[in-house]
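In the two complexes below, subunit A is the common chain; its partner is subunit B in one and subunit C in the other.
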Partner chain A sequence: MLWDIDIFSEMERLRREMNGLFSNYGQSSGSATYPLMNVYDDKDNIIVTAELPGLVKDQVEITFSDGILTVSGKQQPLAKTKNMSVVRKERPEGNFEKTVRLPTQIKQDAIKASFSNGILTINMPKAEEVKPKTIAIEAK
Partner chain B sequence: MTTDLEKREKQEVNNTAAEQMNSSGMAYSPDVDIYVSDNEVLFAVDIPGVNRGDVSIQVDETDTLIIRAKNSHKEPEAATLRQYRIGDYYRAFQISEDYDKDKVQAKLENGLLQVAIPKKESAKPKKIEIKA
Partner chain C sequence: MKSLIPWQKGQKHAAPVRSDDWFGRWWEDRGGNFFPALKNSYSNHLPSVDVTEDKKEVKVRAEIPGMDQKDIELTWHDGILKIQGEKKNEKEEKSKDRYYRECSYGSFSREIEIGRNVNWEKAIAKYKNGVLTVSMPKTGASQKLIDVHID
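Right after this comes the complex of A and B.
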């Protein structure tokens, strides 16, 4: 019996390690805090996305101040499971708060956010003064 | 307590060999919570990005619950910082024969999939009346 359990937990450890390799791929820093985020930088906008499965827009708070974006909220346990016993728990639960320092100036009043199938997308237009400019050459 | 949980887990929802093989490479393994009561087993599966029509749930002849989801969420190509990738999901569990695999119920809301399988009547705990 003992042998059985050891094999099982070893497999589980390996599986988690593999998952870890997957989710950390392409990431500069070591371990990522919840929620996992992607940041995109195109000419006119900074786009921040976050995986927040199970949440709706009223359960997530987004604030922006001094160039720092903060996403916070709470992953609640499912109401239905109150009187059930847990046999496996992998999904994160509880309060979360994650901040991202933006590398450029943002038009604060024009920040827009949307939620689709548990993925949050925050679109932040860059301020006019930091956008790349084309300089016209005047004729003499 | 821990030993008890481990034992239950082994009996009711083992990871399968099929999972180890099929999930390699092409799909992500989603985070799963599993709950049990006297009447049912409930799987809560995080599959952010997936539309309702893109999930396939089946229980095969070996009582393996197989969850597949196609993720068609789109994000721009080049990321400045990337902590997650968009991809399909795959996960499989062995279900005890105490559960009625013809009565699997599932719902997907905001990237969270819930799969509930009721216990067969014959497997439910019975109340025994004490006669006077």
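Right after this comes the complex of A and C.
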């Protein structure tokens, strides 16, 4: 039957297009999927967290330039011991880099980062001029 | 040793449509991995694991960042190791304005078939830097080679 071959290719095209949409989601670049990140906005700070299980702080580098935050490093390969065989390998290894464009201005000198249980937390205070301000209403 | 995670077929080219159930075939050809981009980045509820084996032990390393050790539950049943727990997101409760989220939260569970040739009673589990390591010593019996006679 010819008709269902047409539908088949049309559905395949749609699937590819949607997959492309999903892969662009989030507007980050580099190896877009690793590490996984969250970005929070809590009035005074932008907080970025990244999941980097198995890494320690010396294996991760954080740079900030021109409104762009970059997290990079290297996942160590599995330590091989004598006669060891790898039955299953799912955890990533090798170099990674991910950049995030921040939605607002940051006080660069006050950026702080911490690492706990495989989660990297980067705290970035907002620049004074972009913080929300309460405007007092003067009585006439 | 085998594992219980879904087996994925390699990507196939469009095969000639023979079956009446062409939609089912099309779906199956993708091995349930319909939108790989979505799957890779947003459906990581299952922790990724490495499994290694040497003469003495079988070792499982699972990536579960941001947990409290006490919130990870390990159970053993008939040669299958089950890792489960709940991943909480405390920051999200505090922060009202969330921008963007890739990490997944909530309960997770993963079963890994190890086989019966390990001594589960002597297994050691450690949680460090977001990685759970379970070391299970092998029982003596599995180290012996079995002679197979061919008639």
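Simple rule for what comes next: the second predicted complex is superposed on the first by the 101 of 140 C-alpha atoms of A that agree within 3 Å, B and C clash if a C-alpha of one lies under 4 Å from a C-alpha of the other, contacts with A are read in each partner's own complex, and residues count from 1 in each chain.
Quick note on the criterion: a residue touches a chain if its C-beta (ideal position, glycine included) is under 8 Å from a C-beta of that chain, and two chains touch if they have at least 3 such contacts.
Please read all numbers here as calculations on a predicted model, not as lab measurements.
**Student:** For A:140, decide between first (touching subunit B), second (touching subunit C), both and neither.
**Tutor:** neither
**Student:** State whether A:101 touches subunit B only (first), subunit C only (second), both chains, or neither.
**Tutor:** So A:101 meets neither subunit B nor subunit C here.
**Student:** In the superposed arrangement, which partner chain does A:40 touch: subunit B (first), subunit C (second), both, or neither?
**Tutor:** A:40 contacts both subunit B and subunit C.
**Student:** Which residues would you name on subunit A as touching subunit B in one complex and subunit C in the other?
**Tutor:** 4-5, 8, 11-12, 15, 18-19, 22-23, 25-26, 32, 36-42, 47, 49, 51-56, 78, 81, 83-92, 103, 116-119
**Student:** Touching residues of subunit B toward subunit A in the complex: what are they?
**Tutor:** 5-6, 8-10, 12-15, 20, 28-29, 31-37, 42, 44, 46-51, 73, 75-76, 78-85, 109-112, 114
**Student:** Taking the complex as given, what residues does subunit C use to touch subunit A?
**Tutor:** 1, 3, 14, 17, 22, 26, 30, 34-38, 40-41, 44, 48-55, 58, 61, 63-67, 89, 91-92, 94-103, 112, 127, 129-131
**Student:** Please name which positions on subunit A make contact with subunit C in the complex.
**Tutor:** My answer: residues 1, 4-5, 7-9, 11-12, 15, 18-20, 22-23, 25-26, 32-33, 36-43, 46-47, 49, 51-56, 78, 81-92, 103, 116-119.
**Student:** Taking the touch rule as given, give the residues of subunit A at its contact with subunit B in the complex, in rising order.
**Tutor:** Against subunit B, subunit A makes touches at 4-5, 8, 11-12, 15, 18-19, 22-28, 32, 36-42, 47, 49, 51-56, 78, 80-81, 83-92, 103, 115-119.
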